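Each structure below appears as structure tokens.
Look at the two complexes coming up: chain A is in both, with chain B in one and chain C in the other.
Up next is the complex of A and B:
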């Protein structure tokens, strides 16, 4: 029981990091960033390159990866993002397809530079584990969790305490009103793209310490990230954390208490994505709000 | 102009149907591939182009058709008899998925279709009756290239004719209304869900038959070949490059993509660059000419006239 809970918590941290990048870009620009998967994949390869070339520990490497991918995201915004910024309340299918194209180009770039061979990062502690409350946890998973929590705290402080964060939240809530009160929406969009891409890079670099990867890597995590932000109601910060917990709990619970083979786990989360989209398009928070209203009426 | 275009289509169809009399196996294979691509692109266009519902999950229908054909052929059915059954199963499946999924608008629908197709791929490579990730082989002596060739070309012609008919019919006008403004369409009495389901089922059935023929021709299928995400991708790419929502667009797109594929695969240095080409084309077309090559042609036509 405790082991399932702990593993759920560890997985949720990573999942939330993965999903926040997607949620920020969606919130500010109303764009579904399919290139997120490609950026995560590049993050994994960036960590790999830093590790194999310069012997930089992948977790120390995050200090390089995060700003690098922030710049990459801003450039991506300048190249394509700016042309496809959604004006309406719902994202356009054109933006989805353009970013899909970007994903393919990134994938091909990785094939050319690193070939299609499976790569992995093996550090001194990859196989080590520590005991927490009587449960053996892999050292990389614990480090990933800590780094995730660290980056999420950073994001939360940024969003809550700074002018920039307030501007991001303002544009997310009402783009027109934010424009009217003097927020430079173009610049906020560029920064949101940078932040989203930085988080994707961080998530990818951390995933690389947990598992082997190829240029095709990222698709299943993209779908999981979608699943999380849909569960979380697309734009709320606590919602995303909640969605990440639900998905991680489902996966770990299935593995621990049922005989569903691990190879089918992904199918379960993809099916959950479908169910979540159809059943509660406003996310779990809206579901709770609905229950509360119903309870209040009684 | 109209008559000339029609004669051109007729000539192309007659050429493709009589080609085995005078062409070698190599070019015939290319034509088979082209016909396969035309079916996928034109069938996808029924829902994705006419009704504007972009699905990235069409490999599911190819896979359903292919697996139905192989599984039943292994039970001593005639492979060609299994094709309509595969079409029926795919159509039913498309309705089961469509009923909930069509409540979603625009990109949300697209994301949902990726989820469904990926879930099916993962399931097909895990469960036992599909042979898992190692796939299934057709029974021996079911291979007949000529029969398969004529069936594929015939199906391509039928698909294009159906698309042309749909575009002109009341059904097609309802789909166009849904694409342009779904609320307005509903307001004037178009039952959008029913029309979307019908277009989805029709295109799923056509794609599933093509999937069955694919299985018979290649004699071996696996989740990695028929449920591949890249297959879904190229299905979407062809009509978009050619010109979404038109009759000629998907055919042009199929021609461009399958030619590119053959050319790229034959140049060793470029063999690994098809994702780059696909992605680049997708970006360029969506940013600069969302109507694809047909739109580009029209634009040039207007310039010439002016």
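Up next is the complex of A and C:
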């Protein structure tokens, strides 16, 4: 039981890390950033370059990766994002196609620079584990989990306690009203794209400590991240963490307590996505709000 | 007008005569994209085999010595493009035969085209059994993956007989959810079924390629308490899974990831955790045949690095096709196809030392088994006659 619980928490940390960036960009710009996987892949290679060239630990290297990918995201917004930014409630087909194209460009750029060879990062703690309540947990997974919790706190503070965060939330909730209130929605979108890319880069760098990667890296995570943000409510980072927790709990619980083949993990994600879209399209937070309202009426 | 027509006919006849002096071989390989690393290696080895023939003055076809012209295209690791390029080589470039690419999913897409146009096709890059036996025009040099699993079981059985491993052995079997994985599973299960006193498969699970988290799967492995861990995985999944395996403190008497184990990338990614992992391969530079030693030397001299299994497979693929063309004595496609079916390379560098195709078009050759040893050392441990070191079993605690 404890083992399932702890592994669920670690997996949730991993999944949430993959999904934060996607949620931020969707929340502000109503764009499903299909280039997210490509940016994660570049994040993995950035961590690899810092590690192999300068001996910088991938987790320490995040202080370089985060600002680097923030700038990259802002530049990507200036080059591509602002041309496809939609103020509508649903993402436009153009934005999906353009960002899919960006992903392919990033992927092929990586093939040219790093070739298709499988790369990995082996640190002194990669193969190590620690015992928590008698359960062995991989050190890199624990570090990813801690970084994920740190990211959640940072994003909550940023979004709820700062002017920038309030402006981001205003654009997220009602772009037109935010514009009328004097919020520079274009600038906020650029920052959101930068933040989303920074978190995608961070996710890629951290995932590189867990697994090997090629320029194709990130493809399978994109679908999982998408399921998580639909489940968690596309505009809330706490919802994202919650969505990741539900998904991880379901996957680990099914493996531990049922005989459902683990190869159906992805099927579980998609079934959950389907249920979420049909039953509570605004995500888990809206479902909880609905329950609260009903309880108050009673 | 008549003069113009006559001139045209003369030019056509001349160009036809000229074309007869060259054997046009088409090849479609993944030179960019996900499979570009091994696809690139196939290209180098195929070009090397062509150069070797041309440097010797060409290929004897009937009474003529003909040079080989290689038309090699990049499918960018895209199956639909791969099939389309094979079609292009046949229809537009009018090639005499096709050398197929690498990776089962790409070869699978290509392999439907030769049947359509009746063109001989031979590949050195696909071991999935489903590709073969559907068309008489398709041949493959890589032994089936089922045979890989069977070789590993033979190896384990031998370790039981020499009392290094206990009898019976409980196997936990994991495989990627692909044709490759399913063939591996079938090979292990069929063998276990045929040897119930020696083996039992107590867990049989599959996983999707590039899975994000192997904890749930490995928790089942932990609970199953098997003796031998047998998994069929691609390189990226092998690395991610074995990291989790090591972090979880799992331990088995023997561990294999199918064809994966000795890869440099894995040893770099996993360090000493790969020690004692055993793997099966289609070839090893450690094979003690004189022709392998000669190949290693000439390859090292020409390319500047040691040959890998994919170089050997691609080289033998081209050589089998050249032998068939020579034996056919013409470029008639049916004749070349029939000659391919009868090819018997008695000086093959592949395990067993002899390359010929089964009635389904697939070469059925023995596999080699290697085992990683500490300090980055690698030993060929199976077949016994070719071993360069003793297998270590069970894996030391």
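Note that in this section the second predicted complex is superposed on the first by the 265 of 298 C-alpha atoms of A that agree within 3 Å, B and C clash if a C-alpha of one lies under 4 Å from a C-alpha of the other, contacts with A are read in each partner's own complex, and residues count from 1 in each chain.
Everything that follows uses one rule, which is that contacts are C-beta pairs under 8 Å (C-beta built on N, C-alpha and C of every residue); 3 or more make two chains touch, one makes a residue touch a chain.
Owing to the predicted nature of the structure, the values given are computational and were not obtained by experimental measurement.
**Student:** Does chain B (first) or chain C (second) touch A:280, or do both, or does neither?
**Tutor:** Touch partners of A:280: none, neither chain B nor chain C.
**Student:** Is A:211 touching anything from chain B or chain C once the two structures are fitted on A? First, second, both or neither.
**Tutor:** A:211 sits against chain C, while chain B stays out of touch.
**Student:** Touch check for A:266: first (chain B), second (chain C), both, or neither?
**Tutor:** both
**Student:** Which partner chains sit in contact with A:256 here, chain B, chain C, both or neither? Use first/second/both/neither.
**Tutor:** In the superposition, A:256 touches chain C alone.
**Student:** With both complexes overlaid on chain A, does A:102 touch chain B (first), chain C (second), both or neither?
**Tutor:** first
**Student:** What is the contact status of A:114 with respect to chain B (first) and chain C (second): first, second, both, or neither?
**Tutor:** neither
**Student:** Per the contact definition in the header, classify A:122: touching chain B only (first), chain C only (second), both, or neither.
**Tutor:** The answer is second: A:122 touches chain C but not chain B.
**Student:** Looking at the overlay, what does A:14 touch: chain B (first), chain C (second), both, or neither?
**Tutor:** After superposition on chain A, A:14 lies in contact with chain C alone.
**Student:** Output the chain A positions appearing in both contact lists, the one against chain B and the one against chain C.
**Tutor:** Residues 108, 111, 116, 219-220, 261, 263, 266 of chain A touch both chain B and chain C.
**Student:** Tell me, which parts of chain A touch chain C in their complex?
**Tutor:** Touching chain C from chain A are residues 3-4, 7, 10-11, 14-15, 18, 108, 111, 115-122, 126-129, 136-141, 210-216, 219-221, 224, 248, 251-252, 254-256, 261-263, 265-266.
**Student:** Can you list the chain B residues touching chain A in their complex?
**Tutor:** These residues of chain B touch chain A: 52, 54, 56, 100-101, 103-108, 110-112, 114-116, 118-120, 122-123, 125-126, 229, 233, 236, 240, 272-276, 278-283, 286-287, 290.
**Student:** Of all residues in chain A, which touch chain B in the complex?
**Tutor:** 32, 80, 83-84, 90-98, 100-109, 111-112, 116, 219-220, 223, 226-227, 261, 263-264, 266-267, 270-271, 273-274, 277-278, 281
**Student:** Inside the complex, what are the residues of chain C that reach chain A?
**Tutor:** Residues of chain C touching chain A: 32-37, 177, 205-213, 215-217, 219-220, 235-236, 239-240, 243-244, 246-249, 265, 268-271, 273.
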